[in-house]
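Look for subunit A in each of the two complexes below; its partner is subunit B in the first and subunit C in the second.
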Partner chain A sequence: MKPLLEVKDLSVTLKLAEGDLTAVSGISLSVAKGETLGIVGESGSGKSISSLAVMDLLPKGTIRKATTMRFGETDLLSATPSQMASLRGNKIAMIFQEPMTSLNPVYTIGRQMTELMTLHKGVSKKVATDRAVELLEKVGITAARSRLSQYPHQLSGGLRQRVMIAMMLMCEPELIIADEPTTALDVTIQAQILNLLRELQQEMNMAMIIITHDLGVVARVSDKVSVMYAGQIVETGSVEEVFRHPVHPYTQGLLESIPVSGEINPGEELGSIPGLVPSLKTNFKGCRFANRCSKVIEICHNTLVDLNEISSGRLTRCLLSEAEARAKLKEEPKVLSDHVYGSRVDMTSAPVMSADNAQCVFQIKPNMFAPKKPLRAVDNISIDLRKGEVVAVVGESGCGKSTLARMLLGLQSPTSGTISLDGEDVSEMSNVEKSKRVQSIFQDPYSSLNPRRTIGEIIRRPLQLHGSGTTEEQKEQVEAIMERVGIPRRLYHNYPNQLSGGQRQRVAIARALVLKPEIVICDEPTSALDVSVQAQILNLLLELRSELRLTYLLITHDMAVVEHIATRVVVMYLGRVVEIADARDIFQNPQHPYTKALLSSVLTPEPDADVPDTQLGTSYPNPIDPPSGCTFHPRCPLATQVCKERAPVLSKFNPTTEVACHLVEAAPMAAE
Partner chain B sequence: MTTTATNTPEMVGDIIDLTPKERLIKKAKVHRGLQFGATVVVIMTILAIFAPLIAPHSPYEQDLANRLVPPVWADGGSWTYIFGTDQLGRDYLSRLIYGARVSMGVGFGAAALGCAIGVTIGLSAGYLGGFADRSASFLLTCQLALPSLLLAMALVFFVGSSIPTLIVVLGCLHWSYYMVVVRTMTRQIRALEYVSAAQTIGSTDRQILFYEILPNLFNQIIVVFSLEMAVVIIHEASLSFLGVGVQPPTASWGLMIAEGKEAMYFKPYLVVIPGTALFLLVLAVNLLGDGIRDITAPESRN
Partner chain C sequence: MLKFILRRLGMGLLVALTVSLATFLMLNLAADPASMVAGEDASPEAIEQIRVQYGFDRPLAVRYVEWISRVAVGDFGDSYYWKRPVLDLFLERAPVTLTLAFSALTITVIVGLLLGVTAALKPNGWLDRFALSLGTVAQAVPNFWLGLMMIILLGVMFPIFPVSGDTSWKHFVLPSFVLGMSAVPQVLRLTRAGMIDVLGSDYIRTARAKGFGPGRILFQHALRNALLPVVSVVAIQLGYKLGGSVITESVFALNGLGRLAYESILGADIPTVQMLVFMFALIFIVLTVAGDVLNAWLDPRMRVE
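Right, the complex of A and B next:
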């Protein structure tokens, strides 16, 4: 069958002040009707640029070259701007990453949806409105007709992405390009959106290209996959083949970097790809992956590599033969041990840090005329941290986990309740005293380092503030810690903007550890990083933990990371704790329905598995207006009358597990 | 167990191609506006500082025999008085050179004073928020509502006219842009994680303000400084023109225009020459400010 979209040897060159940058070099893609192509790659691999090139939406001054670029019967290379405009949104639709910015905030949803159709199809407003209502219902939006008069800001992120999808379907496109369609969404919503996209695609027999960095997403929704690295496709094939038998060392490395349940012991070092993606300004003479490849041989550095077909539809860009490339470096049988990790923690010892009925209430004015309303960001939470523990706090965005972290760090004082360190109240301690014991690593390595200070200055600053030692001694200490976390010494006088994301996060870790704290609070330490770099950072955190006897409090939404490094897990929902348990218990025997839903929506890269069907009905409630009784009841598949009326209290389910749920409370034995 | 650490170094080389300083110089080399502005400002500064050495005559010495000598390019001009002489026979070039001292001195001084006031208010409003922010905004509204030239005239009139008075009065009237810019930037930076990080390593508010926030505001402050300096120079000229600024016989460009206005229709050079000097200086200062913004703006760093 002739593919719907065919692209051959596409190259894109960007003109920069410092010279040309070839963002994409010689990629070929094809996708047929009813087929889904996944494009995976880390940031900067050129995956988004390629899709923009297909749509002819590249920034001005960009050079696009290709031997073939065909969509249906149209030659995209020779298409006039007006021909392109009639294709875009009509035959080819694009779904962007950020539902917050891809809808125009000043027009109603209805206007934005119907405009596209009246424009391209020349139908009447009435026909377009009916179609919009029909599609909104199809994408699972209730009370669709009334939604048409709403503005984007009145909808939640998940709803907006649904609206965006419905909008794209208005003109019955033949091809959908989805660029990171679920990256900005919570896991539970992600599964719903992916399911929706798949159903719609099958129903309407559309072709779809999914661009993502998330291997789990690609594995579950696409038929074919192309792995991109530094502007080139390094491996192409069916999802089944690529995920089960990866050939290119990069694909292998990527797959090993993801903590997969049941295949790796908690706390064990993850496979990771060392080093960094090369700058695309480099004039490549050999394989672009050679500097990071574990199987590199001499000729890799000076031979340009072509894509070779190893079997029908299966291409790889590697000089090694298939067998050589696949051969494991060292074959060691994985022994899945039985819970050694975390058992060294003495759970009877006094907590090093604890929150006692901590509460944080913000007074919010919903609009100009309304009276102030309390927003309970953190509602009566008690947590104990014991020496050597890794406690993970998980939950969707808006559940108050970051506020909890800020309270523990002393950046936000609790409105009631206390935070204590070794039994002493934190509010009575000075900043300097606190900082000796508790340190933090923040989410975004791009904003957590002062752009005006050099790396050396940033790491030395804590020592300066604490006045420990002479300048010379401080410098020695800084250099020692830089070496420990893996920052080359010559970066001492460089500025943060010269470093990659992973290196910056290492700097942030060095700054946190230079004071030798006991507790480190990590707020989403890896969520802004690429998969292969995430594994490097997680490994580093684990090594440092055992070396320096650190206690971690880890705030995250990524259950795979939690399973890999946590010893105890706290699940939060709308400012309250719904379940606390040992990591193993949470993953093997979750009690609370919310915990179960969270776990089931994790997408591990298993090619033959489906997107899980989370039964969390409506979207996340507005924290200003929390539901009555158990705040989870509107989304709970098991909710009963009592859940609507009475809020459950956190109570012991077994010696190590505490759950806040009426259903578990009522029959602790009956629950598995 | 340090595999992750030891493998990193070799790969870094190709990421860092230019240090920030090199990049800055590279950009400055192709920025014509910046080069022009900087050249003019530097030349005028040198003229102002070394005025006694450069000026061919005394700016105050009157020579009634040589009144209203036209400049060298007009009929009857001579190389003795390159820019001619004024109604009292004083050398116009020397007065222009000495006038640069007043214009640049008042411009720089008042802009610096305004900077100190505006940055202080802006920083505290942006960092502390709440009551401090509301008070600062109220103060700003008051300041913007005042007709500044009129107020300056009144103040100078009451206090008495001297160059220090001019600097103080003009400085106190030109802080609003600094405040608005600094306040907004401070609010943005305050929400960034490196400020939180500074708190967790034990910094006090003062340390955060001066060590973390202020250095990040330098670019913006320099740009506003250049714009305000241009405005202040014009203001000083206006005040001198109106007779409440610099008092005769001191040379000031504004005063020169004022003194020349009676003979403007017969001897246009009396107004055109100081006017051109003023125009050049203000243009150069503006171009310099724009240039600095262009080459240091983070959005054009890549």
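Right, the complex of A and C next:
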């Protein structure tokens, strides 16, 4: 069958102030009706630019070259701007990553949906409105007709993304390009949106291109996949083939660096790709992956590599033969701790840090004249951290996990309850004292480092503030810690903007550890990083833990990370703890329905698995106006009358597990 | 929406009362009002007589309450200098100033928006550079100087427009231009910055992905968002133009409120000054509320329930 979209040898050169940058060099792709192509790659690999090139939406002054670019019967290379405009939104639709900002804030949903159809199809407003209602219902939005008069800011992120999808389907496009459609959404909503996209695509027999950095998403929704690296496609094939038998060393490395549920050996080193993606300004003389490849041979550095067909529809850009590339390197994974990870923690010892009925209530004034309303960001939480533990706090955005971290760090004082370190109330400690024992690593390494200080100064700053040692001694300490976390010493006088995301996060880790704290609070330490770099950072955190006998509190939404490094897990929902248990128990035998739902919505890269059907129908409730009784009951598939009336109490289910659920209370042993 | 407007107006009224109290106190405490009214060479007896005659001998609080309760029924008192009700003076002079302010504002908005939008279409292009330079020049040049230059150029060297008086529309061309240009840089910069911001936003990318042409994207999807900050500024600018027309009116000998304010301050005409300050405060408040209402109409996110 002739593919619907065919692109051959597409190159895109961006004109930047500092010179030209070829973001995409010579990629080819094709997608047929009813087929889904996944394009996967790390940030800067050129995957989004390629799709914008197809849509002719590149920034002004960008040079686009290709030998073939055909959509249906239209030659996209010779199409006039008005011909292109009549394709966009009409025959080719595009869904973007940021649902919060991709809809125009000043127009109603209805207007934004109907204008698309009146523009391309010339139908009356009435016809377009009916179609909009029909599509909103199709994407699972209730009370569709009344939604038409709502504005984007009145809808949650998940709803906006549904609106975006419905809008782009208005003209029954033949091709739909989804650029990271679920990256900005919570895992539970991610599964819903992906299922929706797939159902619609099959129902309407559309071609779909899904662009993402998330191998789990690609594995589950696409038929074939192209892996991009540094502006090139390095491997193409059916999802089944690529995920089961990856040939290119980069694909192999990527797949190894993702913790796969069930195959995780907690505490062990993850496979990771060393080094950094090369700058696209480099004049490449050899394979672009050569500097990071574990199977690199001499000729890789000075031979340009073509994409070779190894079997029908299966292409790879590697000089090695298929067998050579696939050969496993004989290297056992290094065991970082004993096989019973975390079991050496003495759970009877006194906690090094604890929160006792800690509560943080913000008084919110919806507007200037309305009375204040309490927002219980953290509602009576008690947690103990013992020496050597890695406690993970998980939950959807808005569940209060970051507020909890801020309280433990002493950045936010609890409105009631206490936080204590070794039994001492932190509210009576000075900041210097606290910061000696507790340090933190934040999510965004791009904004958590002062751009006006050099790397060395940033890491040395805590030592200065604590007045420990002479300048010479401080510098020695800084260099020692830099070496330990893997920042080359020559970067001492560089500024943060000269470093990559992974390097910056290493700087943040060095800054946190230079004072030799006992406890490190990590708030989403890897979620701003690319997959291959994420594995490097997780490995580093694990090594440092056993070396320096650290205790971690890890805030994250990524269950695979949790399974990999946590010893105990705290599941939060709307400011309350719904389940606390040992990591092993959480993953093997979760009790609370919310924990189960969270776990089932994790997308591991398994090509033959479908997107799981999470039954969390309604969206996350507004914390100012929480539901009655058990706050989870509107989304709980098992909710009964008692759940609506009475809030469950966190109680012991077995010696190491505590659960807050009426149904688990009723039959504690039934689940065993 | 009505509740929103009423609420804002109520708040505004409180502000107006505060302003009136402040003015009242300043005018009465800064100097002895009786000696100001009596003039420099008056004998102590004359001053005392005026003090009693005008009621300056009574406590401040009593006089303020008396004044404000009269104002509440529209009586601002009589001018000491003109010996007429000051409200009549206001109504007589207001049309000139209103004409001047509105035509100046029209020039500001047209020139500012036009230059701002064209500048934003190609940042760092030659049009952008030209617009920004023009903005800098317009900001740097003092009003009175520009006024004098215009008079010399278009009034004297090429006598196209009359240079003093307010009897025909031609009289307003030069002063409106001079007054209008002073606010152009602000509107221009805001429009340019807003437009550049909006044109780079995700929803404009969405609009392009929907297949709209450049014209519809610019006028339907971008402009309304970019205008939001400009609206508030324009509303305030109108207030400044009403109040700040003193210099322009003097340069072009227009008989408006600015001149009235100037004269009554020189003549220690306390009731007139009080009335003018109060009126300008009211106008400011109404304009701010109008700006907010307009913004709420343009931007649904501003419509607080």
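As a working rule, the second predicted complex is superposed on the first by the 660 of 672 C-alpha atoms of A that agree within 3 Å, B and C clash if a C-alpha of one lies under 4 Å from a C-alpha of the other, contacts with A are read in each partner's own complex, and residues count from 1 in each chain.
Everything that follows uses one rule, which is that a contact is a pair of C-beta atoms (placed from the backbone, for glycine too) under 8 Å apart; a residue touches a chain by one contact, two chains touch by 3 or more.
Quick caveat, the model's predicted, so the values are computed rather than measured.
Novice: Overlaying on subunit A: subunit B and subunit C, fit or clash?
Specialist: fit
Novice: After lining up the shared chain so the two structures overlap, which partner does A:Ile364 touch, if you call subunit B first and subunit C second: first, second, both or neither?
Specialist: neither
Novice: Is the number of subunit A residues in contact higher for subunit B or for subunit C?
Specialist: Answer, by number of touched residues of subunit A: B.
Novice: Taking the superposition on A as described, I'd like to know which of subunit B and subunit C A:Phe96 touches: first, second, both or neither.
Specialist: second
Novice: For A:Asn494, select first, second, both or neither according to whether it touches subunit B, subunit C, the two together, or no partner.
Specialist: The first partner, subunit B, only.
Novice: I'd like to know which partner A:Ser440 touches here: subunit B for first, subunit C for second, both or neither.
Specialist: first
Novice: Could you say whether A:Met55 touches subunit B, subunit C, both of them, or neither, answering first, second, both or neither?
Specialist: second
Novice: Regarding the shared-chain residue A:Ala350, is it in contact with subunit B (first), subunit C (second), both, or neither?
Specialist: neither
Novice: In the combined three-chain superposition, what is the angle centred on subunit A between subunit B and subunit C, taking C-alpha centres, to the nearest 10 degrees?
Specialist: Computed from the C-alpha centres, it is 30 degrees.
Novice: Between subunit B (first) and subunit C (second), which, if any, makes contact with A:Arg88: first, second, both or neither?
Specialist: In the superposed model, A:Arg88 contacts subunit C only, not subunit B.
Novice: After overlaying the two complexes, what is the shortest C-alpha distance between subunit B and subunit C, in Å?
Specialist: 7
Novice: Help me check something: in the complex, which residues belonging to subunit A touch subunit C?
Specialist: So the residues of subunit A touching subunit C come out as 55, 57, 82, 85-90, 93-94, 96, 98, 101-106, 108, 115-116, 119-120, 151, 153, 164, 167, 366-369.
Novice: Mind listing the subunit B positions that touch subunit A in their complex?
Specialist: 1-12, 14-20, 27, 192-194, 196-204, 207, 211-212, 215-216, 218, 298, 300-302
Novice: Can you check the complex and tell me which residues of subunit C touch subunit A?
Specialist: Where subunit C meets subunit A, its residues are 7, 201-203, 205-213, 221, 224-225, 298-301, 304-305.
Novice: Provide the residue numbers of subunit A that touch subunit B in the complex, in ascending order.
Specialist: 16-18, 269, 272, 274-276, 278-279, 281-282, 291-292, 406, 409-411, 430-432, 434-436, 438-440, 442-444, 447-453, 461-462, 465-466, 483-488, 491, 494-495, 497-500, 503, 508, 511, 515, 536, 539-540, 543
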